[in-house]
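Here chain A shows up in two complexes: once beside chain B, once beside chain C.
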Partner chain A sequence: MDTDYEQKITMNWILTLPILVFMVSFFVLPIGNLFLLSSSVVTENIFQDPYFNHVLRFTYLQAAYSAFLSVGFGFVAAFLIKEWRIFGGNLLWSLGLLFSSLPSIVVALGLLGSWGPSIGFGWTGILIGHLFLNFGIPMRLIGVALQDRNRTPELLANSLGMNKRRVFFKITLPQLKSSLMASWILSFLYSSTSLFIVMFLGGGPRFTTLEVLLYEAVKLNLNTPKAIQIASLQALIGGLLFLCYYRMQKRRVQEGQQPRVNLFLMEKNWVRVSVSLVFWIITFSVLGIPLVFILKDAVWDWSSNFTSSLLHATASSLKIGLCVVVLGNCILYPFLHYIYREKGNLLRSGSVWLVILPQFFSGAVVAFALSVFYPSLRGNDEWGILGVVLTQTLFAIPLMYFALNEGFERMAQERFWIAQSLGANRWQRFFHVELPGMRRPLLLSMLIGFGFSLGEVVSLLLFAPAHLQTLSLTLFQAMSRYRFQEAHAATGVLLVMIVILFLIMGSLEEKDGSGQN
Partner chain B sequence: MALVKINQLKVRQGAFELSIPELRIEAGQILGVMGKSGAGKTTFLHALMGFLPIVSGEIEVRGQSVGNLSTEKRGIALMFQKPWLFEHQTVIENVGFGLAIQGIPKEARLVQARDWLKKMQIADLEERKAWEVSGGQAQRVALARAMAVGFPVLLLDEPFSAVEAPLRKDLRKLVRDLIQESQKAAIVVSHDWRDLEELAAHIMVLDRGKIIANETPQNLKTHPDLQIRSICES
Partner chain C sequence: MIRLILFIQLLMGFSLAETQGAPVRVYTYDALTGKGSFAAYLGEEFRKKGGSVEWISFGTAGEALNQIVIEGEKTRADVIMGIDPVLFQKGADREIFEPVSADVKKNIFPELLLKQAPAFVPYDFGYLAFVYDNRVTPALSSPSLEGFVTQIRKTDKIVLQDPRTSLLGIEFLIWTREKLKSRFSQFWENLGPHILTVSPGWSGAYELFLRGQAQYVLSYTTSPAYHLMREHKDHIRAVLFQEGHFKQVEGLALLKTSKQKHKALELIRLVLSQEAQTQLPTYQWMYPVHKNVKLPKEFIKLAVPKTAEMDWHRVLREKEQWIKEWTLIMSKKSP
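And then the complex of A and B:
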């Protein structure tokens, strides 16, 4: 028994150490170092600079407005899809995911192409850009909360004479409070740390955010002390938002069978048709037109001159994406196996939050923190690619985690008990029961990680060696130099790849839903 | 000789303690286990399988002490209320799972698995994917899988409660015949009196971790203790 116990302890360390070492070495220490440096290296106080204060105010003001807009639109969409069951609801539900997975630089290009510089620049461009990218998050979070809520009190209150409007405000809305707050926090976070929407649609110093300022300090002005102060501030706010989000995440599982009666279903068909029509016209005007323009420009502006350079960039993107998903899975999968199969409950809550924590920090902050802590990663032909892969993996891991975690949660312990009772040892259970059952979640996590890597630019801007060209970097450079024809061509290739990934992901999700018995 | 012997078994789960002083199951015999919820049925099952460590006592299978062995080495095949088939495999692959684990070559495995499918009257489902078969068929596949592995003891946890009434009767008869024919020992945990009355030679009634009766179904029905009769009647 002692040998068994020792073997188990050794195995647990083998399974958990990779991710803990990775997160501590490439996330916790660099970010911690940033905070240390902000109090020692910095000589001037940026808060005394009026321009910085203007940027600070604008950053959080635009993020707050963007978050309200995204949550408002997402809430209406979720309600119409889940409660009113509007026509085309499932399509909008899926489109939300597609829009959120598009690289922000592609969205910026699409908005400029469709709305033109006069409307696309400034407040309108920034708000619509953030709405485009973020509305899917509140729509899905609120939609799931609406779907899973306890409907019994609503029906009881209605049967006791309370009208539907009061039922909605007094009973339904309070049940959605935590999902509304959580989606506002996430939308606020993503809007406050978005770089390319503000950079390309802001249109000047009046509309600059902290993220753009950080990029300028690191890349253009080479002002490291200033960059450290900005990055520390961003990291601090990211950490605080994470704590707020953490408190919102109280899991509420409704036990037992829920009533199927839908109190808010619109029974008058003509109202449902009219509302569906109006909603789709608004959605298409605000969100659909930019997407059409992106596709139109990509096809229209294609030139054979770009073929070879884009082929080269595509190959580099594929290689980096592959490294990211392989590294991400190699360290994440053993950890999740440990939690679910080896019953590592003690470590569970703490380590899981550590794994998804990078999501709450901006790409520029984490990449910059890494470059300060490991200076050899930057401006170095050999180590530069490692810097890119490490940063992208840090951000891909939280996304991959959700796909893998869902797969593990769906696997019933009873199947493993049955296999064990039929004589299967630990390795046989892993190869004959766990791996076949995790095939789809594994593939899904790889596609998600790959999709993220395809559109990621910040780590490339900071670490990529001069010879490295990827699709997203080509697009960024083309846009920065006003070479829109080339930008449209790169966008076309990027979009085709993302849409293919999205279609495969959609079919995997459908199969996952139908394959359970 | 008894196929399963339990002596002075004590298992603890939190504040709950299960105590089984002595229990014997002969070859070809089925022992039923009943009790209200919280009586210790699941604890007993988990202790037998090795999912819970035992505090003291002995569990013997075919004269060999298995109490300290890991689950896969105990020689006790398990079947639940839900069939829990391996969804990525076909029906015949599911039935041959335990044989494959034992390293039996594919051809021999297929012959044995086909034989079990015939006994279960589901030979025509052989190539179907596990998720394509109905609930009752899946339960037969699960039973074939547990029987095919060739272990001396079969542990069935509420094996028929998810099956509709007409199928249930057929399955009860099938289990009884198979256990007698194969001379295995079986333990059936159930809250359904009719299941146990039809299947088991003896029924062990548990209450708060202790055996309060271990009798034939006929004796239990006319037991003088009202509490025991009420557990059986419920």
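And then the complex of A and C:
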């Protein structure tokens, strides 16, 4: 056999093996094991338990309501921003991302602080909490679909006498169907697997979801058979939703260059200003006030008593975040290099499958599946920290993927051809062409992974050794004891770090954009 | 190279704490620890005797026990503190406790000791009660448990603790089940509309009460003594029931897996010493278990309620079923 061919095969294995081994060892096998166990460890049929049935109904009912609310709000926001170009639209477009990146525990704290327990607890709190966290997803998905849609049929129909309302319902809306459904699926999925919003704003057994029940079975009641059944059910539903989402995404057709005429632009300026005002008042009342409360209380409630413990917690959070981004990049980067530099476009769409799959499973399910498959990860020692890092990496990889993937997509192929024609070998091309070009996407992916790790709590609740304190864990503990002062202090530090990360990410994206131009 | 060494040091930083001596590690609930707490007092006294203690606190004593169970043989805990007979039994079923000799417990009121459970070491006790602020909530005329629900105003809210996670929560559930028998469901259905939230532990519930979010909180008959002595406020009162109150006994236990049982026993002796027990009421706001301790005058003024009798054999046998019943009732009616 040809030596070059053998070398290429070896190289391909070296590049793809880390992610394959990682995903199979820490995701596919643990989840598969959960399904296997679910039939063998069953001691009682949970579906015969009336309380479980109540929880099941509530979980998906609240998720459906939350998804309708988020999609409704996101749709209105996207339409007003993209079609009406309302005042402050770009700010809301960016805020949607920030809101979605906030740890849900921080949002629960903000809602309790601003609305008070009498409104914050129960249905109202849960729905607003989910709206707060999720509306950015439909707003962005629908906004992009609105922007990229084929406008020619709308203009033709309008010129032939069809009024704007009919154009909207007969031509525009059908074009948005797949993005509307995809964003509903995502919002539904995130609401059905939300833990802290329900745990802190539910206020009792009436408002309990499967995720909370799973947490209770794993952490509080130590009922592993029940936890396996709940986790398997959650994983099954997550998998089905992933398939639906994937089908929706495939149906999206990339349109070519579109006419820039905006049929729905409101020409009467006073109407545009009034609607902007009303929309901003509603947005600020529902979403802004909790955010203001979070920021205000974080500053005003600061006490020097917390400084030392928060410093310690910050250091631990930084260490874990560092491990997550290093591990994540070590696994992901070689794989993407293989896809883009060694294999070409063939595997590009398939690679998405592999890396984004964990996102469709709840953190509690994946962490629990890991703890069942590798029991030694749940112990009071460094193995516990490894469990935290592995779980967080599984969920950070899909987020880091988008930054790295975009970097590879944008990199001009010509540079490699020129380097190759000048006699540069594979390593020289990697070190002198690829790495300098990927510096910003790499940094961006690290910041994204780091931001995720900072706010993540579920893996810490399951794996963290008793002596480990991180910022998010401190916040969780303070919240579960309603120690608002301590919670606000931890939130303050967490928010400052997240905002700094956002600012750096924003400036990196800006530089990237200007670099492209 | 220097950067690489620094990076490795950073990663190794996780285990630095492990190299600094071997204190007696106590897993407990958070309200027992912190600045100015009984744990801080014990830590200081133990240090004077040449020992050191590390307090690792959890939201509830139940969580502390679960952590020990999860950690198994590898647990670093030597002692668990803050458990009641129900939680103790959960640990005893898994054979994780080491019996403590009768000599250690010789000064404890005999009625607080558990027969056939030499590993359980009581260190304080108190009576469960609803606590209210008499500036905003009118006093009730010594009602019964059922009378309490009918006497409070329609708009009054109560913060309770979750029986699945909190000692106080499960004890209140046991109290209502044992006292009311078949009327248990009706009682909780009537109480449902008044419940603001079911908190995971005592400290969270009390925090909500202090913030004025609820008119009543489930706490102890001794809670008013705290406000009187520490804050010189006499408006926090406990509702006293003529029919008697649940007596909570808090205890600790030495773990079988402890590698420093001798040092841990020294700490246990310190907790039960007359000096520490004299200090206990003003730290824990509970009654001491030592027979010869003189109570502070504010404690003497407090009315000591009758003890509601419990059939502990039935409680231990049926409590899981009661929790299931409670969860089902609450899922329909509350909050």
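Brief remarks on what is shown
Here, the second predicted complex is superposed on the first by the 500 of 517 C-alpha atoms of A that agree within 3 Å, B and C clash if a C-alpha of one lies under 4 Å from a C-alpha of the other, contacts with A are read in each partner's own complex, and residues count from 1 in each chain.
Throughout what follows, a contact is a pair of C-beta atoms (placed from the backbone, for glycine too) under 8 Å apart; a residue touches a chain by one contact, two chains touch by 3 or more.
Predicted, not measured: the structure shown is a model, and the values here were computed from it.
In the superposition on chain A, A:Q477 makes contact with chain C only, while chain B stays out of contact range. When the two structures are aligned on the shared chain, A:Q428 is found in touch with chain B, with no touch to chain C.
Once chain A of one complex is fitted onto chain A of the other, the partner contacts of A:S40 are absent, as it touches neither chain B nor chain C. Shared-chain residue A:I418: touches chain B; no touch with chain C. Of the two partner chains placed by superposition, only chain B is touched by A:G437; chain C is not.
Within the superposed three-chain model, A:Q48 lies out of touch with both chain B and chain C [touch as defined at top]. In the superposition on chain A, no contact is made by A:N163 with either chain B or chain C.
If you count the residues of chain A touched by chain B and by chain C, you find the higher number for C. Touch criterion not met for A:N269: it reaches neither chain B nor chain C. Interface of chain C with chain A (complex): residues 10-11, 13-15, 17, 27, 30, 35, 56, 58-59, 62-63, 66-67, 69-72, 74-77, 157, 162, 164-165, 195-201, 203-205, 207-208, 211, 213, 324, 326-328, 330-335. Residues of chain A that touch chain C in their complex: 49-51, 54-55, 116-118, 121-122, 203-206, 208, 216, 219-222, 305, 315-316, 319, 322-323, 378-382, 385, 466-468, 477, 480-484. Here chain A touches chain B in the complex through residues 1, 4, 412, 414-415, 417-425, 428, 432-433, 436-437, 439, 515-517, going by the rule given at the top.
Taken together, the chain B residues at the contact with chain A in this complex read 49, 51, 68, 70-74, 76-80, 82, 84-89, 97-98, 100-102, 130-131, 138, 142, 145-146, 149, 151, 155.
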